[in-house]
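The following blocks contain the structures, represented as structure tokens.
Shared between the two complexes below is chain A, which pairs with chain B and chain C, respectively.
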Partner chain A sequence: MYSRAWVRVRSTYGEPVWVAVNLAVPLLSSLAMALLYRSTGLSRFTGFAILGGVMLAFWGNVLWSMASQFNWDKEVGIFEIYLISPAPISAILVGMSLGGILATVPSAALVTLIGWRFFSLSVNPSWVAVFLTFILTLASLYAMGMLLSSLYLVYGREAESLNNAIGDPINLLSGLYFPSIGTGSPFPFAVQIIASLIPLTIGMDALRKSVFYGGDVEAVWLDLLILAVMAGVLLFLGDRAMKALEERGRREGTLVVRLR
Partner chain B sequence: MRLLRSILASAWMGWQREMNWTNPVLSLFVKTVAPTAAVLSAAAVYWFGSSFAGLFTPERLAYIVVGASMYSQVAAYAYVPTSAIAEGKWSNLYPQVYITPTSSIPYLAGRCIASFADSVPVIVISLTVSYYVSFALFGAPPSITLSIESVLMIGGALVLSVPAAVALGYVLGSYSVFVSRFEWALPSYVSGLLMIFSEALFPATILPYPFSLIPEIIPFTYLMRASRAALIYNSWSLYLNSMEYLALGGIAFLLGGLIVFRSAENSARSKGFIDKKVM
Partner chain C sequence: MAIVQTRDLTRSFQSKGSTVVALDGVDLDVNEGEVFGLLGPNGAGKTTFIRILSTLLLPSSGYATISGFDVAKEQEKIRPIINMASGAERAGYEFISARGNLWFFSQLYGVSTEDFRRRVATLSSQLELDGYIDKKVYELSTGYRQRMTIARAFINDPKVVFMDEPTIALDVMTARRIRDFLVHEAKDSKRTIFLATHNMAETEAVCNRVAIIDKGKILVCESPENLKRNYGHPAYVMELSPAPISLDNIASVPHVKGVTSTLDEERGVATVRVVVEEDEAINQIAKTLTESGVKLLSSWRQAPTLEEVFVTLVGRGFTEREHENAS
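Let's turn to the complex of A and B:
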């Protein structure tokens, strides 16, 4: 676990250009959405856009550096090394998640700083609630990444197209830049229920409450409970799916086939 | 004639790469889902913000839906050189292109044309779906007028944006020829900056001075303006004015792009960068 996390952290902090590379999409998307809020005449919601950019940095990392990672590892021949090593695959995935979180922190921090500088955000945070929500959102989000990673193991070059396809719909449903559940949501109740199955939706809702409206732990306890349950369930499902698909891949001989 | 054949062969290859990795219907569906969701995200942000401020108007919703839909095409162009050159270096395809007598200039032009061809149906579908979903979600349809005339006007604007798209391909291609790592970095920044500076979501006047001047020199801004003139304002004078700037800007950018790419390719050949694989 430590080794895989270290590789990811070292690759980012040893090559700071990575921070600039990872910054592009979350920074420019959140600036565009913040300017869109400003153009509607309601600048006080620009903070929603910047918070969305911060979480987009982590969600992008889950999608591109967790879910599809094993596919790339298969292509370049690293995955077969994981298989013959005594380390359990789930430990490698947890290490990848921890390393991914630490590697994404600089990009997320820069989005916050730049957003703060340009839009003079008005926040009213309840720090304990913010901290707990943030940690539990990341835990459930990366647990989802582990589940996706195992599912993507069965895909070939479709993985990249699938990633491109699911990124924006999840941004929309999870309300990365606007409330998608509860008060202010444009979605009908049935869509809100579906959206609530995505950890990012619950996390964004709780983060908005605790960062902008001073919601303390009491105000977001239900969100925290749901996030904790989601993290546990997704971790369990990810582990089971990985074992099942690894077993199937070993039987069918598809785990070490290079795609190009 | 040989040049045209090279361009068509490259366009066909680009089409195969983008659309033929699975069956065409699934491929089109997968390509359409993300831009449509992105259009709806922008529309939802507008609805949420303007409803609170009591400033919601169907005209402004239409402005965002049309701009965000057209932006999906502009963003697609930014990734063509990465897939054509950076990925081509990795898969050994690009070195085989540049040793051909016609060089890689028609190859990139063909790949941009393929991107144009596969993103036109994406725009049509995402615009249509976004129109109806916006109507259902926000209770007011975006004020878009669809007629044979407006469709022809949009078609003309899209065709006239091709030189600017090819120019963007050449400029970003010059970067792709040299890089062997971080090949996605510049296209990601360029597509993100175009979202802010091409009037895709909001008018240039929202930007602080002097940033508000930047959209005036970007040809894609005039694609947005021409599309809105056709679909929202139904104004021939606005449309023709934007088309004029789109054509002139596109040609100027194309000439500049050709010069930049030609010198970058020559330099990369002599320094051996073209054979360096992306890792």
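Let's turn to the complex of A and C:
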């Protein structure tokens, strides 16, 4: 697990172009949203945009550096080395998650720093609640990444297409840059219910409460509980799916599809 | 005792509504400390066989065991004692050093730091990787990447190593270095090397025994020397111009076991290799060629090789079989 985390971090910082892309994409999107809020006289919401940029860095990492990474491993023949080893695939995925989180921290820190410096954010954090929400949001996000990754055991490009397809809708519904559930949500109730099934939505909502409005653990306990349950359920489903799909892949011969 | 054993091992796939049999009732015993060659043209079933033995694929029927454990049901007992390398795989993560990659892959097997250091030192020395072990993978040439792949396959001190075309597309010196290493590992460490290849020279150079596979069936399984002695007939190599339109009239001559040919388009010359049971057949072939207006530029007799063994058994050469399998 730790060795896979090490590979993730070393690979991320082994190529200067990747470092630049990892740092720039979340930074530029959050700056664009923050400037939009400011130019339309909604400066009090610029903090939402900066927070969204921080979480976008992690969410992008789940989608592109974890689920898609599995597909790349499969295509170049490294995935079969994992499979024939005694290491459980779930341990490798947890390692990828830990490495992904560590590799994303500089990007998230840069967004926070620049947001703080240039937009004079008005925050009123309840640190314990912020910490717990952040950790549980990451846990449920990466558990979702594990579940998505399991699809690559059987499906190749189809699973990658699913990754592409869900990226933007989740960005929209989860309210990375604006409240998508509860007071202030532009969505009808039915859409809010659907949006609530995404861990990122619950996490963003709770983070906004605890970072900007001083919401303590008592104020966000329900969000924390939902996130903890989501993380547990997604981890369980990811592990079960991984085992079931590995067996199906062995039966149908879809575990190894190498592009030569 | 056989460390790898298969009985009536069969694997079929569904493809475009029809059933393709990739392995067909294979019975095989491979012994400890043996370099065992699985020789066959592309599409013969070699990779399917290795995938079943390495627990990546389930058999459709029959069974296979590694060290007595069933590959279908006891994969968790097999995986710690095997490893695999392929000539087609990516050596590892590009932006990490060869040593870093080897460390990572060793951790999949829980190799201790001390054992890892000892094994990397030994493998680097044996595979002549010493000056390259701390370079990032993207800085390594194809040959050194492949040496790293081979080192990876031995990093967990496995009992059985499956190798699928390990020297494909390598220069002569690197291929020779790798072959020497494989022979050494089998002999000195009592490791079983299961080598799937369509490289006959490689098979002859390193294998204690060879199974020839075609269309999913094992045709014969013996030492290379015995194969050549028992099945290898002499071949006559003939340079012909113009290239004959068909080889059928040569193949139909009595005592001809098989015919293969290659064409030098620039010179307009075909090199035809004819495997014969009786040397007299060559006179009849020369007569047939003359009658069909083909000029015999030169010819010579060649001692039997595994190519001739394959032609004797199948009636076709590797290249022709690969074209048939692809179409």
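Operating definition for what follows: the second predicted complex is superposed on the first by the 244 of 260 C-alpha atoms of A that agree within 3 Å, B and C clash if a C-alpha of one lies under 4 Å from a C-alpha of the other, contacts with A are read in each partner's own complex, and residues count from 1 in each chain.
Assume contacts are C-beta pairs under 8 Å (C-beta built on N, C-alpha and C of every residue); 3 or more make two chains touch, one makes a residue touch a chain.
Small disclaimer: the values here were computed from a predicted structure and weren't measured.
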Combined model on chain A where chain B meets chain C, clash or fit: fit
Which superposed partner A:Ser90 touches (first chain B, second chain C, both, neither): neither
Partner chain in contact with A:Ser196 - chain B first, chain C second, else both or neither: neither
Dominant toucher of chain A (residue count), chain B or chain C: B
Chain B versus chain C as contact partner of A:Ser210, first or second or both or neither: neither
First, second, both or neither for A:Ser174, with chain B first and chain C second: neither
Which superposed partner A:Glu80 touches (first chain B, second chain C, both, neither): second
First (chain B), second (chain C), both or neither touched by A:Gly253: second
Touched partner set for A:Ser68, first chain B, second chain C, both or neither: neither
Closest approach of chain C to chain B (Cα atoms, Å): 7
Touching both chain C and chain B, counted on chain A across the two superposed complexes: 260
Chain A - residues contacting chain B, complex: 17-18, 20-21, 24-25, 27-29, 31-33, 35-42, 45, 49, 157-158, 161-162, 164-169, 171-172, 176-180, 184, 186-187, 260
Of chain C, residues touching chain A in the complex: 13, 51, 54-58, 76, 79-80, 82-84, 86, 88-90, 92-96, 100, 103-105, 107-110, 136, 152, 156
Complex contacts: residues of chain A adjacent to chain C: 2-4, 6-7, 10-11, 14-15, 76-78, 80-87, 92, 250-251, 253, 255-256, 258, 260
Interfacial residue positions of chain B with respect to chain A in the complex: 21-22, 27, 30-31, 33-35, 37-38, 40-42, 44-50, 52-53, 55, 60, 64, 91, 137-138, 182, 184-185, 188-189, 192-193, 195-196, 200-203, 206-207
